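In the two assemblies presented below, chain A is common to both, partnered first by chain B and then by chain C.
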Partner chain A sequence: MTAGSEFTMRVWRGDASGGAFQDFRMDVGEGMVVLDVIHRIQAEAAHDLAVRWNCKAGKCGSCSAEVNGKPRLMCMTRMDIFEPGETITIAPVKTFPLIKDLVTNVSFNYEKAKEVPAFKPKAKEADGTRRMYQEEVDRVQEFHKCIECFLCQDVCHVIRDHPENKPAFAGPRLFVRYAALEMHPLDTNDRLGLLKQRAGLGYCNITKCCTEVCPEGIHITDNAIIPLKERVVTEFNDPVVWLLRTVTGRKRKTADGAGS
Partner chain B sequence: MATEAARAGQGRSGPRTERRDLWWVLPLTVVIVFSAFIIYTTWAALQDANYYRQPYLSPYYSPCLATHCVHTTIGIFGSWWALSPAILILAFPGGLRLTCYYYRKSYYRSFWLAPPACGVMDARKGYSGETRFPLVWQAIHRWFFWASLVVIAFLWWDVIEAFQFHDGFGIGLGTVIMFANVILLSLYSLSCHSCRYLVGGYLDRFFKAPVRYHMWRVVSRLNARHATYAWISLFSVALTDLYIRLVASGTLHDVRFF
Partner chain C sequence: MAAADQFETHEYDVIVIGAGGAGLRAAIEASAQGARTALICKSLLGKAHTVMAEGGIAAALGNVWPEDNWKVHWRDTMRGGKMLNNWRMAQIHAQEAPDRVLELEEWGALFDRTKDGLILQRDFGGHRYARLAHVGDRTGLEMIRTLQQHAVHKGIDVFMECTMQRLLKDGDRISGAFGYWRESGRFVLFKSKAVVLATGGIGKAWRVTTNSWEYTGDGTAMALDAGADLIDMEMVQFHPTGMVWPPSVRGILVTEGVRGDGGTLKNSDGVRFMFNYITPYFAAETADNEQEADAWYADKKNNRRTPDLLPRDEVARAINSEVKAGRGSPHGGVFLDIATRRDPDYIRRRLPSMYHQFRELAGVDITKELMEIGPTCHYVMGGVRVDADTTASTVPGLFAAGEVAGGMHGANRLGGNSLSDLLVFGRRAGLHAAEYANALAAAPRVDDGEVEAAARTMLSPFERAGGENPYAVHGDLQDCMQALVCLIRVEPEMQQALEKIAALNERLQHVTVEGNRQYNPGWHLAMDLHSMLTVAEVTTRSALERKESRGGHTRDDYPDPDPKFGAVNVVTRKRQGQLTICQEPLPAIPDELKPILEEK
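Moving on to the complex of A and B:
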């Protein structure tokens, strides 16, 4: 792309009652990202265009949108990946209720976060400390990179295409949170029963779209969801474990983590 | 300007997708390749012929467990077993692939169309994922993994035997193909997500289990390429059978290196 190329930006305008795409012909300078162009539209053509943004550095997770149908951070999507003259569709994320234009209500994610049992550290050792080692922490560090842009939640077809599943499904962002706690070397809470039932881990069919769209490159499916699924299998669905428990009399955990 | 209504309380409604790239190419390719593999494997398994030519045994028929096998590995099933001996064994590697996390991703996308691609709407209205029978029993994957290790141990034995020709030690093209195939099958099985969990992924405290931690790290590195191994080994196992089949039927002459 050369400096001063012209693009047609097809931007969603509307609110919960309805809306439509509106075209804007915009000059785009070298080095600009999609969010820059949206700001130019705001400044020059549509002063009331609503867009949520903050850091413009891919770290706050505010400017999530769908660019040509793909969930992306607008501030991290360079304009030079498009051909000059191309029409670029900018739409709000589809999974969450629309407030206005490119802004959606992402409260769903915070409500689901309230359901995650908090970190509950084990008792201190005799010298009054708790110890964990680097090799144990390395695994959960990856999960802490999450910036809560909720692109993974947006692209997840379990709730994107089937909103009726929302009450029964926490979504990939929350599974990353569950994994960070479940695999924590000092945590003592048990969330496996909750994951199986209330968080709906079984709804995930591991099609990895969450991993594909994650701007932080977190291996959501391979490192969080599948290991959690394996733990749930051991606890609830492994016929051999079930047989051993039947023989030995060891109890199975329930949804709240207690033995039954 | 297109007009589309937004659904109150839900996200913006719209077409099945606003993607304009060739998102349908990958699922279509998967459908074609998987279908071709299933058709070929079913045909080859039902042939009950041309699966052995000294010293090569097709991986589809190994271990050969019927006494009427051309090359019996262990004669567990007597003369009463009249069907192809491949049927006795293919359920295990087949089950491993059917319940494999990578293959699940592939066929849920390509055959189930749930979703066909990221940001493309599911083909079906209802969705319950793996919460109900029969898909909830994808959980049995780890037991297919254990079974596949036994099968792979026999395949390694077959490779050792593939060096033993009528006139003594030798290496033919079939030996090389079988050797490459068993390496790829081993990498595919050992890189599986269940293996990663079973060797140490279930632990929260690695410090107390250094051996399991080391194994978990090794398998984690392999696991990053699990999809690649899944694809390559799919081709290699079918091509190994095809080569041995062509040699056994006399269509091809095995190339003998020494």
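Moving on to the complex of A and C:
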């Protein structure tokens, strides 16, 4: 793509009551990303065009949208991946209810976050410190990279195609959070029962759509969801674990701090 | 706009405006003190500017260098701030930062580790020892997420995408705040005994900036309008390393961690030019040759710090001088080199988001190629004048913490001292706001007339036919500040800026917005313009008042520091709609602390 190419930006305009795509012919300069073009439309042609954004550097996860049908961060989608003259369709993420234009109501994710039982650290070392080694925090740090863009939630067909599943399904973003807590070297809380029941881990049939769209490259399916599924299976279905529990009379530890 | 039935009303003991690090920490503390607390933020929770902080949190934990302690941190902070800091804030900050970092760990944060399993600390500009607790180059994300999740688990009421426009008063006291929901455009009134401002900075008044759309100086302007003192608003930090190419990414932050981890600045001749810009003030502690500078990373006892890690004001000015002398990079910056200095694995591990950012946005592989960087508006050291211990402003019931508050960083902030500032003074703001609210016998009264006047002003862009485009007014303000009140300043240009700001204020009276009140960014910007024009004017007037060069404030017409100005804050007040600027003496450093400053 050369500087000064012209593109047609086909942008969704409307709210919960309805709407339509509107075309804008825009000049695009070198290095511009989709969000730059949206801002230019705002400044020059549609002052009330609703869009969320903050950092413009892929760090805050605010500007999620569906660009030519693909869930992406608009700030990290360069215009030079498209052919000059091409029509580029910008739609709001589909899985969440539309507020206006490119802005959706993502409160689902914040409500689900309230249900996650809190971090509950074990006692400190005898010398009063917390000792953890890089090798053991590495895998959890991968999960902490999540910028909460909710693209994984958007693309997850459990809720994308079946909104009726939402009450009983937390979604990939929250599974990453559960995994971060479950694998935290200091944590002692138990969330496996919740994962099995209210968070609906079993709904996920590991199609890896979430992993594919993660702008942080988190291996959501392989490193978070599958290990959680294994833990749940071990906890609830493993005959050895069941037998041990019966023989020793030890009960499952229970989660606390859930919701608030 | 008629009666009060047109907006919803909430009542709290403490409301916290802003949900970055300072706001979150304040809300957590106020709530822990038993105050009914609300946290109100302009964006979604977890998207505030703190999320973009990269390098780390400065705290003298002494995990890497046991020699480190609060006194050294205090000394570094004071010297980095060119002694214009409020000494007591800097002392509290240095003393309490380690506890605040360890507290984050108790709440689930996972910092990078030392070999012994403790929190690893990295080198940063102006810090004598490796002092910054960090997570790669995404420390702000770790911090905001930890605080966010802790606040959620504590059940604190959060009002997201809710923007406050006006502080309300009952006589001299704070009685609440008034604003609107972004989603619906509907008004919302908070009646509150105390208000904590944690609204961040003002960088959106400049064209080249690391700051997001939220950084429009709302808290600063609201405090000023409510009668609070501002100090040292001329002290704006231009971070030396922002991206310069391509144009659409100009200004995006490149962490100082690149230099902390071994990166070096070079000009178009390939020369490490920072050795030519070591000022006498820092000569005793700065390496004057490449060999010593490179050896310093591993051996701080026998070597002095590399000049690449001089405080930010020094480095930004040096880059500016190199570019002016014709030794810049092709797109008007200089080069930042980590590719030839560290191996690719190390770079990707230590600086993953820089690697990603340059690869995706500029098509540059920083493990193989040089980065092009230049100064970018980053941070305001000045702000609301606060009591060092309580963060109380000069208006009863109004507290301020984080970037919106002034004094802590003096004339120049050291990297890493911001995140620690947020935690230390965020906690204190929450604590003292709750104490204040709990001690208040009766809730202050909200003046309906004040609320209605605010509502009328907010709706006016819909009701007039002036035809001014809010985006155009904003763009012209950014160009004005970028050209005339930037890194290097002179009186005639700043006078010109004042004339332009006056003209922009006139245009603001004719700004018109289209569409309705539902999620309307044009309208939101029209309302933010009042704040941005206010802080632009205050910054410019303060910069005219300070006839010297110090820290982030460089005057070509007064190129040297002047001890007379080094002893004063530039104070701004608004009375009956008129700004007044005056000089008032800095709090005096106690004699017992002075020897610490002289230690080499």
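Just so we're on the same page, the second predicted complex is superposed on the first by the 236 of 260 C-alpha atoms of A that agree within 3 Å, B and C clash if a C-alpha of one lies under 4 Å from a C-alpha of the other, contacts with A are read in each partner's own complex, and residues count from 1 in each chain.
FYI, a contact is a pair of C-beta atoms (placed from the backbone, for glycine too) under 8 Å apart; a residue touches a chain by one contact, two chains touch by 3 or more.
Since the model is a prediction, treat every value here as computed from it, not as a measurement.
Using the contact criterion defined above for the overlaid structures, shared-chain residue A:Y133 touches chain B and also reaches chain C.
Of the two partner chains placed around the shared chain by superposition, chain C is the only one that A:V103 touches, whereas chain B remains out of contact.
Shared-chain residue A:K114: touches chain C; no touch with chain B. Contacts of A:E142 after superposition: neither chain B nor chain C is touched. Judged by the touch definition given at the top, the superposed model places A:K208 against chain B, while chain C stays out of reach. Judged by the touch definition given at the top, the superposed model places A:D15 against both chain B and chain C. By the touch criterion defined above, A:H184 reaches both chain B and chain C.
Contacts of A:D222 after superposition: chain B is touched, whereas chain C is not reached. Shared contact residues of chain A with chain B and chain C: 15, 132-133, 184, 187. Put simply, chain B touches chain A in their complex at residues 1-6, 8-12, 14, 17-21, 101, 104-105, 108-109, 112, 114-115, 118-122, 126-131, 135-137, 139-140, 142-143, 193-194, 196-197, 201-202, 204-207, 213, 223-224. Remark: chain A residues 15, 29-33, 36, 42-44, 47-62, 76, 78, 99-101, 103, 105-106, 110, 113-114, 116, 118-119, 121, 129-134, 137, 140-141, 144-148, 181, 184, 186-187, 257, 260 touch chain C in the complex. Chain A meets chain B in the complex at residues 12, 14-23, 66, 68-71, 89, 91-98, 104, 132-133, 135-136, 139, 155, 157-158, 160-163, 165, 182-185, 187, 200, 202-209, 212-213, 221-222, 226-227, 230-231, 233-234, 237-240. Across the complex, chain C meets chain A through its residues 43-49, 51-52, 102, 105-108, 110, 112-113, 116-118, 135-136, 138, 140-142, 145, 149-150, 152-155, 160, 183, 212-214, 245-249, 252-253, 353, 356-357, 360-362, 469-472, 475, 513-516, 518-523.
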